[in-house]
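After this come two complexes, each holding subunit A, first together with subunit B and then together with subunit C.
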Partner chain A sequence: MRRRLISLVVASLIATPCLIAQDEALQAPKSVAAGDGFAIQTTGTGKAALYIVGPSQVLKCDVERGQSISFAPGTLHNAGHYLVILKTDSSSDTSEMDVLPASSPSELSFLARPSRLPVGLHDGITGAVYVFDAYKNLIAAPESVSFELSNPSGVTQTHVVQTHNGAALTAMDSTQQQGADKFTARVGDVTSTRIVGQVPGDPCGIKMSTKPSPSGQQIELETEPLRDCSGNAVPDGTIVTFTETYAGAQTTADVPLKRGIAQVAMPAHNGAMLSAASGVVLGNQIHWETH
Partner chain B sequence: MLKLLKRLLPVLSILAFAASIHAATTADVRIEPLAAQQGPRTLTDQTASAVIKDYLQSWQSLSAALEQNRAELLKMDFAGVALEKLGETVHEQSAAGLSTQYRDSAHDIQIVFSSPEGLSVQLTDTVAYDLQVLDHGKSISSKHITTRYIVVLTPAEARWKVRVFQATN
Partner chain C sequence: MNKGGLLAAFLMAATVALVIVGTIWPAPSALAYAGGRHVFQSSATPADAVNNLGQAIQAKSWEKAYSSLANKAQFTEPQFEHDLTGYYPSLLTYATLDHFDVRPLHSSADNADMQITLYWSTVVGLAPVSRDVHVTRNGDQWQVAWPVAKQPVVPPQVIPVNYLRWDVIYPGAGDDWGTQAVEAPHVRIVDMHPVQRAEGVVIMGELLNEDVVPAYVSVSATLLGKNQSPIATESSFDKISHLLLPKQVTPFLIRFPDRSLSGVSSIRMSPFSTLISASADPVIEIDNEHLNPAPDASLTGQLINQSGQIANVAHVLGTFYDKSGQVVWVADRYVDTALLPQTPVPFSIHIPEDLARTISSQRTTVATYSEGGAL
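After this line comes the complex of A and B, so read on.
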């Protein structure tokens, strides 16, 4: 009998949380969606002032007690926790309510990094998204975010990530092809796109050839067109360092690539060792012999 | 001596962290471990400390701005959407003859997300505060409230600023 009574009390508590959670003179909804219309029921008679107070929004209106006070859609639009106060000359009744973000996403804050990187880099591109509703409230409920990285020839990678507390994150590999890629975040119909410039990586190798100058006093050194390991042309301006070693002395020349190749003339010494390098990439070596 | 200093370093950093937090607020502050954070990088202790210190400081600015109805007090600690919304509240309060006192008494903070290259940090805070509402200077209600906030901070010139400040159920 006693157990049955306890069960009945618990069941009644679960069935009527709003009524027991609120003051009798004031019945506000426990929660409303941002921007939705809602009503607050008051009891008693006479004039009163109704306040809805939170850090993100404040409303005040004069009301007649005993009426249902309606708030038009759009009136309370900032998500947050609010204190509802019904104040008369002799009393002050309070209740609390939550304004929840609207369920449909309207805006994405998309942070993508970096804006430029070499091709073929594993997890080189990262994107973070915050999802907002039409009233700029962060939507904390889980949403599926689709991240797409595409180059001019089509989509290359897609990651679908669930938001947690309104945020989602992904990392993607830069593609093998140089150029401007589109990095897009999509939630439902809402998209945000960033451009990620993919530039060639370091040269994959350097192949150099030599020939004597017409006067015979110098050696003309020239590289073949430099490409990275994905076959993209290394950009002009990249420095190639030519080195000539002869009789214990070293002569170097830093030469920028022009139209994909680097050229230089160095003194012709019989028995000199010639080499070329760019960054950490070392090219072939040539032993110069005059006949 | 060097060995002793090395051994004391973690203790000293915790003391420095606690001292910096204490300087930002008089409320009880509990910091959850960083391990659960989602993101490509783990924040350093110094960054986490700076983020939390600046966040707690933002409560002081919020409190002063809403009590004195002075939106300009928000600018040091808030940016973007948070600054817009709180500034709007100051104007609404001012127009209605209201002012509010927010006195934070306890924070339970956890950093949950950091975006690439430290562009943003997200934290959750279960905060307890006393709210007093005044109409034309006369107190009409006061209430002790505990609620959970989701906060996003972004780095500005010299400090972290709150960009999203939203209570969530």
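After this line comes the complex of A and C, so read on.
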């Protein structure tokens, strides 16, 4: 404890002359917007080197003390805390200034997840927006972000969220209708859009019908058009597994949907049990009897 | 000369001497592998005749093998070669014969029936192919009559193929951070069951692609000890169908050799999926599936390619369930011939004897590889 107190006293003694020198030799603005022009006033006489050191930028220029040094717009564009040093052969004066993000948003980083999800999911879609100025500085001041999710038929969900430390988050429900929805984030007149594919869920049921093939040697199995429980057509390519069980033997085929239906021809066995399934959804069973 | 130089000179002289000895008096097996004269014995017995034929096939001396046959007038030499290696590119096309077994079935003074099992070394392991051959005496020599299975001829026809194909476009390298990527397919393990077997711990189950896009999938598992620390991690490797179309289910089996379930407190399952360009074609029907009881328990059936495209390699996976519907075993078999359109090809999957009595139902899936396509 005693050592810590001694360290604090020593540190304050060292720091005090710097603070005095800062006030006397350099007058830098306390803050400046990124990309704006600004000026630094120096005092005294003689030549010196002026350094401005920031998070990802360092400037050096030779100056005459006692003059006001102007910097053109765009000179400093990375937001952060900067150290200003006026260095001569015999002295070194320092000051500090903050470069703040420009107040007007210019760019949004919009993270929308997922890019594809089933219809009818509560809070299934999440969006995160980070607001940046023209120099890609994160704008930490609160901004109002409007999230809009619109489906192809024009139905729109809108959430307005204030940014906190430059970020705004939201969650939205997927709609009951399949399609490519536009998910847009808007701050002022700056927008960013993502596409969220809303896809049908599991088939609500599978209804299969059978008939003998023209040759009579096979059974033609065909499903009705498959739809999910919201009425959306299950997409082509979805696998339907047909199974025929007869006399201790079995025949199966994984058949992709084509134009909404799946069809296959299987051997005709008297007394065979026919069934269809897709994923975890089972369809009807048919007992095949030849007459 | 120092000791090192003396040793070098001695080694060089010994090497030259051994090379000369090996060249002048080569070992018969080395000569056979070098493509020179084969270690043919006289075909004085039926077994010798079949052995000689097997050695000729092993050395890919098709001409010698063909010329030794008793029934060579019934087919040509290319037909004989294609009968062994496939008429169309298949597992056997690039395989070599690792070894073969000969087993007598029946014999008399002038005739004999033998079984030759050829163990082809393929990219997916040994593929045994058994043939029953008839051997006849011709003077003091015996000759093998090779049972050529002539390739079924597919009638010329046009089969319309208009199944779906999925392609994937990923974000480009120059796209901004935060640009939306395409979501990986959603897959789910719908069943998982660890068992203790003599060879170690086996984890089996089923994986469902619940998405609307094809998925390349694999499953890995980590055994966790009593203090939740990982003991071992393994993946399903090829005991799974890696390509899953929407709503398709694949079994998987993961082996942990020399591990015991008694030391395992929990298992962490990690299904992996990624987007893959794929086609819904070809459709393979699995016909006439039979569960054959022990002994020699097996699942047999026929694969029928319902599409027009030739499937060069077929991987058949059988999932076996007990009466309660729980997965009790997963087994697989690669079919060593190409699947031609509408042409049945038989398959047989071995089932462990101790499990055969507990199995009451099964489900079979087929993954195919077509030349120029993807799994």
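As a convention for this text, the second predicted complex is superposed on the first by the 268 of 291 C-alpha atoms of A that agree within 3 Å, B and C clash if a C-alpha of one lies under 4 Å from a C-alpha of the other, contacts with A are read in each partner's own complex, and residues count from 1 in each chain.
Here is the rule we go by: contacts are C-beta pairs under 8 Å (C-beta built on N, C-alpha and C of every residue); 3 or more make two chains touch, one makes a residue touch a chain.
All figures in this text were calculated on a predicted structure; none of them were measured in a lab.
Residue contacts after overlaying the shared chain place A:Ala167 against subunit B, while subunit C stays out of touching range.
When the two complexes are overlaid on their common chain A, residue A:Asn78 makes contact with subunit B while staying clear of subunit C.
In the superposition on chain A, A:Leu111 makes contact with both subunit B and subunit C.
When the two structures are aligned on the shared chain, A:Ser144 is found in touch with neither subunit B nor subunit C. In the overlay built on the shared chain, the residue A:Gly248 is in contact with subunit C alone; subunit B does not reach it.
By the touch criterion stated above, A:Ser70 is placed in contact with neither subunit B nor subunit C.
In the superposition on chain A, contact is made by A:Ile239 with subunit C only, not with subunit B. Judged by the touch definition given at the top, the superposed model places A:Gly54 against subunit B, while subunit C stays out of reach.
When both complexes are overlaid on chain A, the residue A:Pro256 reaches subunit C alone and has no touch with subunit B.
Overlaid on A, the two complexes show subunit B and subunit C touching the same residues of subunit A, namely 111, 113-114, 130. By the touch criterion stated above, subunit A contacts subunit B in their complex at residues 31, 49, 51, 53-60, 78-81, 83, 85, 87, 92, 94, 96, 98, 100-101, 111, 113-114, 126-128, 130, 132, 136-138, 140, 164-167, 169, 171. Residues 109-117, 130, 194-195, 199-200, 202, 235-241, 248-256, 258, 264, 266-267, 278-280 of subunit A touch subunit C in their complex. Contacts from subunit B toward subunit A in the complex involve residues 38-40, 62, 66, 81, 84-86, 88-89, 92-93, 96, 98, 100, 102, 112-113, 115-117, 119-120, 122, 124, 131, 133, 135, 140-141, 143, 145, 147, 150, 152, 164-169. Residues 162-164, 166, 176-178, 180-183, 190, 208-214, 245-249, 280, 283-291, 301, 306, 362-366 of subunit C are the ones that touch subunit A when the two sit in their complex.
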